[in-house]
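Have a look at this one.
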Amino acid sequence: MNGVANQTDALRIGNHVFSSRLFLGTGKFSDLDVQQRAVDFSGTEVLTFAVRRLNLDNPDAPNFLERLDLKKYTLLPNTAGATTAEEAVRIARLAKASGLCDMIKVEVIGNPKTLLPDPIETLKATEILVNEGFTVLTYTSDDPILAQHLQKAGAHAVMPGASPIGSGLGILNPHYLKFIIEEAQVPVIVDAGVGSPSDVSLAMELGADGVLLNTAVAGAKDPVLMAEAMKLAVEAGRKGYLAGRISKKRYASASSPVEGMIE
Amino acid sequence: MNGVANQTDALRIGNHVFSSRLFLGTGKFSDLDVQQRAVDFSGTEVLTFAVRRLNLDNPDAPNFLERLDLKKYTLLPNTAGATTAEEAVRIARLAKASGLCDMIKVEVIGNPKTLLPDPIETLKATEILVNEGFTVLTYTSDDPILAQHLQKAGAHAVMPGASPIGSGLGILNPHYLKFIIEEAQVPVIVDAGVGSPSDVSLAMELGADGVLLNTAVAGAKDPVLMAEAMKLAVEAGRKGYLAGRISKKRYASASSPVEGMIE
Amino acid sequence: MNGVANQTDALRIGNHVFSSRLFLGTGKFSDLDVQQRAVDFSGTEVLTFAVRRLNLDNPDAPNFLERLDLKKYTLLPNTAGATTAEEAVRIARLAKASGLCDMIKVEVIGNPKTLLPDPIETLKATEILVNEGFTVLTYTSDDPILAQHLQKAGAHAVMPGASPIGSGLGILNPHYLKFIIEEAQVPVIVDAGVGSPSDVSLAMELGADGVLLNTAVAGAKDPVLMAEAMKLAVEAGRKGYLAGRISKKRYASASSPVEGMIE
Amino acid sequence: MNGVANQTDALRIGNHVFSSRLFLGTGKFSDLDVQQRAVDFSGTEVLTFAVRRLNLDNPDAPNFLERLDLKKYTLLPNTAGATTAEEAVRIARLAKASGLCDMIKVEVIGNPKTLLPDPIETLKATEILVNEGFTVLTYTSDDPILAQHLQKAGAHAVMPGASPIGSGLGILNPHYLKFIIEEAQVPVIVDAGVGSPSDVSLAMELGADGVLLNTAVAGAKDPVLMAEAMKLAVEAGRKGYLAGRISKKRYASASSPVEGMIE
């Protein structure tokens, strides 16, 4: 690569191939017009949403995805609301039965205050859903060993949280995120907690394969402009990763080397 | 702004108006071809270089700027090599006499190991050169009070260092950088020490008006790709700043609000 | 408390009561004399060591604990070397059969490079050993939900790692450590990764009930002096926690309020 | 040193020799009884206070130092309230005329919101007062070059702020503080901004010669207990510095080396 097109830098998850590395959540937008334009400006190819928010049993109810041309996107339904593997599996099957997608984001919450994932139930749900033929992307903590367990269970991508969902705290532990990435056999998508373009860029510079955002865009003062900022940040971070940054040094080195001394 | 063009988001320094907010140094590139392409991909409109590196007294000597079409850029000569106000002033006058530009970046180094600027000599040089009619951009530490002194002396922009020149340590003290920005009456261009796109984006999110880079691009494994990454990072950070990020919270808030509980 | 004695500020784990909140590992010392004096100066009441290092089947082999008056300390054997719950359980039973102690530190490593604990096997081992009547202290990651699972399984203390064993990186994620502490029903002993007295003090200020150290003391240039430093740091951090620190503010507030203006 | 007495580890500033490395401010205490006991438990030998708060022209007015046995302490009056060198010099002379002490802490504030020191006026005041024979301790920013200027001007100690006065933000830029310490020819006393024992310990581990505190003690919920915590933290950090901490490593190293594998 030399600063030009990167046609070959595609992200592959299961049988899916994406050129955008930004996944966008569809919740929390103030209105559907803002949602639609934010989705557009983000350049995303993958939309995520809670299966529970779809009124699958009542086709006449209002649909918060109604403004989006869903044929243009890969849908990534998630199991938000589940607190056990059993619940997550039930939600995933519901999604599949509705013909939404073969992909599922496993999300099993262990605590209503921190919304951190339950490692035990998350692993169980992943094992079951992989066996049922889903393409499974698993939301997980930043525990590097758990990420390995999930991959051994067949997860098609692991999605470590940067910090609590919606907190905007950014990447609390870049060190362990780096461990996860260094040992990954499947794509690593950073999910949850990022708040700003620099957070997103840092995730990508650490070698993440993608980033999933929702609150950071939907909750910004100007969600559409933030969606565009995040798109650029993903690209900046990805190119920065591929370009190979300088190493850090305690002391200085002159940018403007000067040969002589003035007289 | 709504995610589209930002024609009006221009950067003004003295009488100059720029649409790019990335200033690029021209030193340290492995060869002139790489330098030329990095400059190109960075989208910069301002090139900085040490006056001392120009062989002003020997027009036949090799010229490290020879590949660049200098008419396309605003030149920002700097006084690198100066350790006193007197030396900096002398270099600045030399630059002006050579017809390079009315702009000068004041750089008076106080320590050869850290390359940190000398606050006293830097302020003196700024006062003198402002009085001589230069458009003065001053490289300074991240001391918020010194930044105020420089502005009272008439500096047209202040350029606080993020960390030592060429160190790649990023923004060591975002808190004081923010103080400088909050009280600034002139543009604040973050100069020195940034190493990665996320550093650049963070500087812009804090409200900086621009970023000056050199080593982070020239020293990358692929300088041309890094130049492009930095261009995107400046834009991501700027748009992120204008879009208004979410505030940080200790605990979570659900992106996928769920109404009921599963049965 | 008002700066005086804190006789009542005892640490209780299972049936054990300690007045020192510093647990010290016995490995990695350069010689047994330094080990003995470091133990002494640390003020510790709990010594930890790998059961595997005791030559339980050969009483004539050299014994790295031979210099210590073991009657003065509570022994906390650990299951280092185990990579599965099964191995950990076997080691724990061996320790109990040897009459070492009813306490066991469960340590099941998931990766030889990072030495991070395996969450799944760690939870299994904890469940089994609690059921067998051990007083179980479990070395775990900083995953707050896993810490809750361990407590539900009956762990008598949870021992979240600050960072990888022996790394000296300090507390990589104070945020999640705080979550663990806020929701804990049993003592939280920070284990692994701390490198300096300030790391130790910070752990205690966050509300940890104790700290376990080994490499930070044994690997210091002067292990005996560092042992004393760590003892003081535990006390400083504990008292700082109990004393209630000031909250952080972005801007200043004068320590020396001045009523008038000069003249 | 081997973990025992450190009689020779004295702090020398000008002609003064101290065995405690904690300087304590006397302002902001809720009442004089708490102030007196906090001073006592801190173990300090140096008390600092604003000259402006002494009613030097009215000996009958209430005196906020009245409870303290001033003969037991070295007094370090400061020039708080000064915003120019001229004002600082006037205050210092007033202090000397009152026979308080030959020591003066130069404090010239550049901004009422951040209370950060004015580098230019601070240097001027230091030059003048050194020439007048004061023992000068100068409150300064964390600019390493300015610290060198102050030492060339004859300051007997430099007192870089960790963060804004009273903010409790701790050490915002340990990197530059370390630069100041590495190049210092006189003692470096960290002043302002520290909030907790771990902040204090970190300052000492970086090699600071002492710490000055006020708000962190006076504003704690239990100031007396916090004073004791801070005393211990200074000692912990000092001993940790002298003991030579382990270096940091990205990956782990086992504390409990295990020779064989189980079975």
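Per-chain numbering from 1; labels A, B, C and D assigned in written order.
Just so it is clear, a residue touches a chain if its C-beta (ideal position, glycine included) is under 8 Å from a C-beta of that chain, and two chains touch if they have at least 3 such contacts.
Everything numeric in this text was worked out from a predicted model, so none of it was measured.
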- Between chain B and chain C, the fewest steps along chains that touch one another: 2
- Magnitude of the superposing rotation for chain B and chain D (Cα, nearest 5°): 180
- Tell me which chain's centre, taken as the mean of its C-alpha atoms, is farthest from chain C. B
- Item | Centroid distance [mean C-alpha coordinates] between chain C and chain A, Å | 35
- Using CA atom averages as chain centres, what separation in Å is found between chain A and chain D? 46
- Task: Would you kindly tell me how far, in whole Å, the mean C-alpha position of chain B lies from that of chain A?
- Result: 32
- Query: Among the residues of chain C, which are close enough to touch at least two other chains?
  - Reply: 114, 116, 169, 175, 250
- Note on the structure: Every chain pair meeting the touch definition is listed as A-B, A-C, B-D, C-D
- Query: In their shared complex, at which residues does chain A touch chain C?
  - Reply: 110-111, 114, 116-120, 123, 141-146, 148-149, 163, 169, 172-173, 175-176, 179, 183
- Query: Residues of chain B touching chain A in their complex?
  - Reply: 1-3, 25, 27-28, 37-38, 41, 49-50, 52-53, 78, 80-82, 87, 90-91, 107, 113-116, 164-169, 192, 195-202, 205, 214-216, 218-230, 232-233, 235-240, 242-262
